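First chain written, first letter: the chains are A, B, C, D, E and F, and each begins at residue 1.
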Amino acid sequence: MKIGAYGEVMLRLTPPEHLQLEQTHTLRMAYTGTGVNLVGNLAHFEIESYLLTALPDNRLGKAALANLKSLGIQTAYIVQQHQHIGTYFAEMGFGARPTEVTYQNRKSSSFSLSPIEAYDVKQFIEQVDMLHICGISLSLTEITAQTAITLAKEAHAAGKIVCFDFNFRPSLNQEPGKKEQMKQRYEEILPYCTIVFGSTRDLVELMQWKTEVSVSENETAFIQSFLAHYDITWFAGTKRQVINHEKFLSGYLITPTDAFEIPKQRLEVLDRIGAGDAYAAGILLGFAEGWSLEETVAFAIANARLAHAIQGDVPLTTRKQVKQLLEHPDTDLIR
Amino acid sequence: MKIGAYGEVMLRLTPPEHLQLEQTHTLRMAYTGTGVNLVGNLAHFEIESYLLTALPDNRLGKAALANLKSLGIQTAYIVQQHQHIGTYFAEMGFGARPTEVTYQNRKSSSFSLSPIEAYDVKQFIEQVDMLHICGISLSLTEITAQTAITLAKEAHAAGKIVCFDFNFRPSLNQEPGKKEQMKQRYEEILPYCTIVFGSTRDLVELMQWKTEVSVSENETAFIQSFLAHYDITWFAGTKRQVINHEKFLSGYLITPTDAFEIPKQRLEVLDRIGAGDAYAAGILLGFAEGWSLEETVAFAIANARLAHAIQGDVPLTTRKQVKQLLEHPDTDLIR
Amino acid sequence: MKIGAYGEVMLRLTPPEHLQLEQTHTLRMAYTGTGVNLVGNLAHFEIESYLLTALPDNRLGKAALANLKSLGIQTAYIVQQHQHIGTYFAEMGFGARPTEVTYQNRKSSSFSLSPIEAYDVKQFIEQVDMLHICGISLSLTEITAQTAITLAKEAHAAGKIVCFDFNFRPSLNQEPGKKEQMKQRYEEILPYCTIVFGSTRDLVELMQWKTEVSVSENETAFIQSFLAHYDITWFAGTKRQVINHEKFLSGYLITPTDAFEIPKQRLEVLDRIGAGDAYAAGILLGFAEGWSLEETVAFAIANARLAHAIQGDVPLTTRKQVKQLLEHPDTDLIR
Amino acid sequence: MKIGAYGEVMLRLTPPEHLQLEQTHTLRMAYTGTGVNLVGNLAHFEIESYLLTALPDNRLGKAALANLKSLGIQTAYIVQQHQHIGTYFAEMGFGARPTEVTYQNRKSSSFSLSPIEAYDVKQFIEQVDMLHICGISLSLTEITAQTAITLAKEAHAAGKIVCFDFNFRPSLNQEPGKKEQMKQRYEEILPYCTIVFGSTRDLVELMQWKTEVSVSENETAFIQSFLAHYDITWFAGTKRQVINHEKFLSGYLITPTDAFEIPKQRLEVLDRIGAGDAYAAGILLGFAEGWSLEETVAFAIANARLAHAIQGDVPLTTRKQVKQLLEHPDTDLIR
Amino acid sequence: MKIGAYGEVMLRLTPPEHLQLEQTHTLRMAYTGTGVNLVGNLAHFEIESYLLTALPDNRLGKAALANLKSLGIQTAYIVQQHQHIGTYFAEMGFGARPTEVTYQNRKSSSFSLSPIEAYDVKQFIEQVDMLHICGISLSLTEITAQTAITLAKEAHAAGKIVCFDFNFRPSLNQEPGKKEQMKQRYEEILPYCTIVFGSTRDLVELMQWKTEVSVSENETAFIQSFLAHYDITWFAGTKRQVINHEKFLSGYLITPTDAFEIPKQRLEVLDRIGAGDAYAAGILLGFAEGWSLEETVAFAIANARLAHAIQGDVPLTTRKQVKQLLEHPDTDLIR
Amino acid sequence: MKIGAYGEVMLRLTPPEHLQLEQTHTLRMAYTGTGVNLVGNLAHFEIESYLLTALPDNRLGKAALANLKSLGIQTAYIVQQHQHIGTYFAEMGFGARPTEVTYQNRKSSSFSLSPIEAYDVKQFIEQVDMLHICGISLSLTEITAQTAITLAKEAHAAGKIVCFDFNFRPSLNQEPGKKEQMKQRYEEILPYCTIVFGSTRDLVELMQWKTEVSVSENETAFIQSFLAHYDITWFAGTKRQVINHEKFLSGYLITPTDAFEIPKQRLEVLDRIGAGDAYAAGILLGFAEGWSLEETVAFAIANARLAHAIQGDVPLTTRKQVKQLLEHPDTDLIR
C-alpha cells in the first residue's frame, strides 16, 4: 500500500528549554504540518509515502525539501513556486503554563496560493493507494479548499481510499459566515471519504448532525448513523482527560456496525503538537494491513503516547518502538 | 497608579539543561532581583513601573539597562556608577536534587555602595504612587539599609503607599548580633508601611512578636495584632507544602479586620526562584485596582503558579495569561 | 534634537557559525529594519529616538517590542494590529560565498497593512525634530508609500527636517511599470526632504537625472544640480570597492555648494547588513550637532566600519567606541 | 583508604533536550564507564581514587584524560596506546519513550586491546587498599577478562579488598556458548572477592546457584549460602519498581549472617545511566569507613537517588549533598 | 547521466567555534565521506546520484540514512548491517594552528566489514552510467579493496564509465609493505578507469611511474604517458600554494592529447575538508555534460572555492551558486 | 624541573560568536589568570606544575578546581576560603572593533583577601624549583603585594629561581600615588628575581630607569644595565606591530651579556588574551631545559602564535604542536 497526503508544510520555530520569545535569541527550527507528520510517520513504518504540496522557490523551500527527504518522504510531487512558507512559533508550556502557538501568515504561503493545476494530480493519484486530506485545507484559502475537494473526488473516482481528518478549529473559523461555509465544504468532501478522523463535537457543532438517537443516549449509534449516511468505513479519534493534574488519553475506532474504545492511558507530555497525527498514522497502518479494530487502536494509541514524548510535531516512531511499548510498557532504558 | 521599587539588580547565571557548574562551559545570563521581578511583572500588567537602583558604569551596566528596558521597566531613575554588579549562579535541581544558589560578592556592588544622595529621590517619590522596598536592602550594607529606611520615611511623609517585603533569610544573617540589628531596622521601617509581605515565622522569630493570643491558638488574630500595632493595611504571604512528593502552594491576605486564605493548589515547578515576587505583584495589582481579598489572592496565586512554570526569576506573565489559567485551568495548548 | 523614523520592523533569523539552512536546526533571532537600525543607533548616541511602526498584535509583536525597548528606542508611537511580521533569513557567507538573504512575505505584514490613520501622526510629528523615511516604504505597498509621502509632507509643513534614504533595490522592483511608478513616488517625496542618502546610480538610473554636466565629467556638480532642484541641504552616501580580495569603504557628503569625500578605508566584515544605516546615523548626528562635513563623514565612516564588525543589523556603537576607533585605529584589546 | 578501579573509559554522546539523533546536529560529550563513575564519585567523597585503564594515544585520549582529572581521579596508572575509545550514544527518553543506548565498537578500543602487561600492575596494587572490577571486563574481550581475573587474584594475594560488580547484561551475551563461558569466568574471579554487587537474578540465571532453600522461600538465605561458598563479606544491590507510572528504588546489603533492606523510595529521573554505580560508591564508602548496614544502605540509596537527578553517568555528589537529602528530603532550593 | 559511488559514510564530530576537544562539552555532528561528498554535491547539481555503502543496523545507521536522504542522495542500494560507523573528530584550526583530524576505528565499521556479496551490485551497475571509487577503499581493508576492484571491473565490463580518485595518504599507509601492496592494488584497478583524480606526486611516489620525459622537464607529457598506458581519458587534480600567508588554489585537467590549467585563485578557508571532492564533482559534471576542458576546470575550481567557504565536508553548492561566483566574483551579499 | 606560580584564578565569561553582551543570553565560561595560563601551559609541556592560590569555599570554587585539574595543574596547594572569585567579561572584537574586557570586583576575591598565612608556603617552596609571580599581584591589594614579595624573598633564600612578569597596566594604576607605590614594590621584589618578563616601556615609565646609554641609542645596552643592577639572568618580552591592517609579533631575550631578537612574524588572531603568557611559558621551558637563546625565542614565539589561534586564555599547546609549526609553518590540516 502506498499513501499520499495533500497538505501544507510549515516552518516551526521553538525557543529552547521552555523559554518564551522574549527570553531567548535562539530558536529550534523544524518543518511540519499534518500531512508531513502523517506521511513522515508512515514512512518510518516502511510505507511508501508521498506528499503533494507547494514550497517556496527559494532557499527556504530548498531547506524544507531536504528536511522532508530526511524523514523518508517521497518528494517527486512537490512543486516549488512563490516565495513564502507558512510559519508558526511554539512557546513550550510547563505545568500551569500552556504551550502557546503563534501563526504567521499562512494565507499567502506557496501552498495557499497554488491551485490544483500547479500539481501533477493525475500521476499522483495513480501512484498512491490511499489519499489523506486534512480539514485545514478546507479552511485555509478558497484555492486549497477547492484543491482538496477536487482531489478527494478524483481519487475516489479512481478507486483510491480517501482519508479525511476533520481537524476543525473553531478558533480559526470565527469570521461571520465562515462556520456555515465550512459546513458546506465538509459536506461536499465527505461523500468521497472512506476513513474519517473526527470527534462527536465535530458532528454536533460543525456538521450539526441530528439523528433519532441523541449523543448523550448512545454516542456510538449517533456516530454510526453519520457513517451510514456518508458511507464511511472507519471513524476514529482520541479523547483527552485531565484528572487531578494527570493527563490521560484514550482512542476509539467505529465502523458502521462495530466499535472499539481503548481504556484511557496515562500521558507524560514532552510536546503534544502533532500527537493526533500519530494516532491517525497508526489507524491508517492498521487499515492498510487489515488489522482488527482492537489491534489497530492499541497500536495507534501507543504510537500517540510515544509522539507525546518526542520533541517536535513529526512522530519519528518505528514499528519496533511501538511494539516495544506495547510489550514492555515500563521499560525506561534500552541498551 | 504608578509604582516604583528600590532594589538591587543582579546578574543571574544558570547552566543549561539542569547541568552542574562542572559539567558545562556555557551559562544562560539574565538580570534579576526582587525589585526587578516585581516592577517587571507589574509593567507586564500595564502598570507604569520604575526602578531606583545603581548599576555599574561599564559594559555590564549597559547590558543590564538594556535588559531592564526590554522588561518594560522605566529606567529614568537608574544611576550608573562604580564597577560591580551582584551576581549569582543557579544550578537548577531536579527531583531529589535541590536547586543550589551561589552568591558572588553583593556587598561591593554598585547598588550596595550607592548612598541615597546618589539618586534623585525627591523626583522619584513625586513620580510614583506606591513604593516597594525589599527587606534584603536592610541586611545588605549599612548604606542600603539607611537608604531603604529614609526612602520609606520620605515616601510615607509624601502620602505615598509604602510596600515592604520581609524577605528575611536567617542563613544570610548569621553573624553575631546581626539578627538583633536586623530586628531594629525592621522596627524602624515598619511604621511607614501600608502593605507588608511576610510570614508568621518572620513575626515570631525575627520580630519576636508577642500578644495575648498565641500563634498556635489563632494565627490570624496574632498577625492582626501586629498589623494594628504598625498600622498596616494588608499583610500577605504564601505557604508551601510537600505532600507525598507533590508540591502545593496556598496564599493568604490579612487586614486588621478581615482575612482570606485560598485552598492549596498543585505546583509543577520549572524554576521557583522569583515566584514569591509574582505573588507580591498580584497582591499589589489587586490593591492598586481595589479588588476584593478573594479576587486579589486568586489572581496572585495563579500568577505565582505561572511564575513557577517560567524560566528565570522575572515573571513575564500578563493579565491575559493569568485570566486564562483562572478560567481554563486544564488547558495545555493555545493556538 | 529628537528624531523619529517611520519604518518596518523585521524579524531576522540567522543560522549560527556560517551554516546554511540545511545544516542547522537552530537560528539566531533578532529584530531589525532600516528604521530600527537608525534610531537604535542614535539612541546609543544618546539622541531621544522614536519609531513609528506597526507590529502584530500577538506574542511576536510583544517580543519585538521588548527588543526595541532594549535598544533604547521610544515605543510610544508603535501600534499593535494584524498578525504578521516581515521576516528574513540571512545565511552568512564567507570568502567566495556571498551572504544570502531570503525574504518572507513582507507585503502582508502588520506594517504593510497599516495606513496612516492607524498612527497618532499629529503627536508624533510634534514630538520630533527630524523625521527619517526609508525608500523601501515607497516600494513595499501602496499603503506604506502613501503613508511615507504624507508623513514627509506634514513634517515638512510643520517645519521639521525630513531625511530620506533612497535605498532603492532594482532587484525588488522588477515588475513591469514598477520602476516608473517608483520614480514618480520619489519625485513626489523629494521636495519635502532636507537630508538625502543616495548614490549617483540612484540619480542616473532611477531618477534619470540629467543636467548640463555629465556624471563622468563632474560627479559632484551633477549631484549638486539635483540638490539645487529639490532644495536638499545634505546628500550623503558610501562607496564600496574590492581590490585584490580586500574590501574598502569610503563616504561622501555633498551640499549644494560644498563637498567632502573621505579616502577609502580597509573593511573587515563580520556582518555587513545594516552597516549603511550606521553611516546614515553618523551623518544625522553630525547634522543634528552642527559638525563640519569632514568631522561628520569621518565619524560616519568609522561608525560604519564598526557596524561591519558587529553581528546583526543594528549598530550598537556608542560615541565612545567611535571616538576610540578614530583616535586609536590599531587598538585591538581594551581592558 | 585508597581505592582503584580497573575499567573502560567510554565517550558518551547525548543529543540535547531529549532530541533523537535525526533531530539534532549537536551532541553533548562526556567521558564515562563503570570504573569512572565509581572512582569519580568516591573522589568527590574525598577518597583517594585511581583508575587503571588504557586510553587512545591521540587527541581523544588527551581530552579524556583532562576530563578524568577534572573529576578528581588519579591518573598515574592510565596508559595511552592504540587509537580508539569505546563510544556510546544515549538518546534520552521521556515518559512512554525509553532512553536508547547505541554502542559503537567497544571490542577494538584501546582498553579492549591492552593486556595486563601494558599496565604497571604491581605498583598499582601496592598503591590501593581496595580494587574494583566490573563484570563487563569479563565479557568484553579475552584480553580484558584475563586482565580482570589476574588483577583480582594478585590483589587478593596482596591482602587487598577486591570488589566485584556482576553487571551482567544478558542482551550483550547472546552468542552461543557465551553465557556458559561467562559463568566460568565469574566462578573463576569470585573466590578473590570480598564485596560483590549483584542480584538474585544473577545468581539464579547466570551462576545457576542452587542450595537447600529456594529463592522464593527465603531470598536472603539463598544469597547467604552463595556468600558462604565464596567467602564474600558484603553483597549489595538495588531493586527497581514501577507502580502506577511512578518509579521506586530500594536497596539491600547482605552479609553471611546479617541483612538490611531499605523501604522503597520515590525516584524522579533526569538520567538513570550510572545511578547503579552511585549505589555501589555509597556501599564502598560505608565499608571503607566501617558504617553499619543501615547507615550504609541509607547513604547509598540517597546517593543513587541524587545520581538519577544529575545529567550524565558520573555521580558528582558530595557527602554534604547526600547528608542534605537524608536530613531535609523535601528541600528544593538552597541559598 | 546517473552516477553512483562506492564509499564509506563517516560520522564527523566537530567542536563549535574553533574550540579544541578539551574546551567544549558539545559537538556538531554530520555524516560525510568522499562518496557522500561527491554524490551529495552532484545531487545538488540535479544529477541522479546513488551511494553504494553499508551502514550499521542500529539507531546511528538510521540517523545516517536520514541525513544522506536530506542531501538528495538515492539510498536504494545502501545496506544496514553490523554495528559500527567510522568516526572522525575535526578540531578546526585557525591561522597558525592547523585543523587536526582524529580517526576512530574505521577498520571495524559496517562498511569495512561488508563484502561485495552484501550489495546488490548487478542492479546498481545497471542503474548508473558512471561509477566513482575512492582510493581509500583500496587501503581500508582487504574486503573493501577487493570490493572496489571487482566493482570497477564489472562496471567497466558493462560499459560504464569508471572514475577513480587516488586519494592516497602516505600517513595512513606506513606499515611495512603496505605501500607496495597499495601500488599493486592501484595497478589492478587503473585499467578499468576512464577518469582519474590524482597528482604528479601520486604517480611518482606511489606508482613509481617512469617514462622518457622526466616530471621536471615536462609534467604534462609525463602524466600523458601514464594516461596512454592505462587508457585514461581525463586526469584531474588541484594544486595548493601558500604565498606570504595567503592561500591559493589552481586546478588542471589533462587528456592524452590536451591539457588545461587554470591560474591560481585566492582561497579564503572556513573548512577545507571535502573541498577536493567539490573539485571532482565539478569535473564529473563537465564530463557528463560534454563541456570543454576550460569550462570544466573553471566550474570545478569555483565549486571548490565555494566548498572551502562552507562548514562541513559535503559541498552543498548548486549550479546557480557556482555560476554566480563565476560571473560576479566580488559580490558578497545577495538579496 | 618543577614550577609553581602564585596568582589569581579568574572566571572568564565570553559571549559566543563575537556577540556583544546585549546581544546574547548565553556565555562561555572558563577559568583563567596569568598563573593558570602559565602553569597550565607548562603542564601541557609535561613539566610538573603547581598553583598557589585561593578559591572560594563554595560551588564556584569547586568548579574552578575541577577545571584547573583538567588542565593538568597540581592543586595540592590551593586553599578554599571566602566566597568570591574575580570575574571578567570578554566581548570579542572583530576587525575595526577591539575586544573589550570588563572586570568585576577583583579586590574582594578569595585570592585578594588571603594573606600568606593562608597557604602552606614552606612546603610549596620546597616542592618547586622555579617560582613565578605576576606583577598584577603587586597592584591588586596590599595583601597580595606583601604575599608576592615575601614569597619571592623566601624562594630566593631557598635557592629557587624566581621569575617575575612586570605585567604593568597603567590603566589599572591611575589613582594618585599608585604608580609611585608600584615602583617601590617592583624595586622591592626585583632583587630576588632571576628571570624577568617586561618591556623597555616598563623600565622607562614605571621604573624610571636611567643609565649612561639612552634607550634610543642602544635599547639592548639600556636593558642590560638594568639586568646588571638587579642581577637578572634573562629578560624577555614581545613586540606587537600593525602594518597595513596586518598584525605581527616578534620576541626578544636578553642576558647581561647577550641578546637575541627574532624577526617579526605574521599573526592571525582568534583570541589574543593570554598569548603573552604563552610566550613566557616558552621562555621558562627553554630556561629549564638549557636551550640556547635562539631556540628558546623561536619556540616561545611559535607557542605565542598558536596561543593567538586558540579560544580562551589558557594556551593548551603541546611540544608536538609547537614543533609542528616550527617545522611545517604552512600546514593547515593534519590527518
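Operating definition for what follows: a residue touches a chain if its C-beta (ideal position, glycine included) is under 8 Å from a C-beta of that chain, and two chains touch if they have at least 3 such contacts.
Treat the numbers as computed from the prediction; the structure is a model and nothing was measured.
Under the touch definition stated at the top, chain D and chain F share these contacting partners: A, B, C, E.
Matching residue numbers shows that C-F is the pair in A-E, C-F or D-F whose interface repeats C-E, with more than half of the contact pairs in common. Chain B and chain F have Cα centroids separated by 44 Å.
Residues of chain F found to touch two or more other chains are 16-17, 20, 22-26, 30, 66-67, 70, 100, 103, 269.
Shown here, the protein chains touch in all possible pairs.
Residues of chain F touching chain C in their complex: 16-20, 22-23, 88, 93-101, 103, 169, 171, 242, 245, 247, 269, 272-273.
Against chain D, in their complex, chain E makes its touches with residues 13, 16, 20-22, 24-30, 58-60, 62-63, 66-67, 83-85, 87, 89, 91, 100, 102-105, 107-109.
Per the touch definition, chain F reaches chain D in the complex via residues 66-67, 69-72. By the touch criterion given at the top, residues 16-17, 30, 70, 266-270, 302, 305-306, 308-312, 316, 321, 324-325, 329-335 of chain A touch chain D in their complex.
Across the complex, chain B meets chain E through its residues 23-26.
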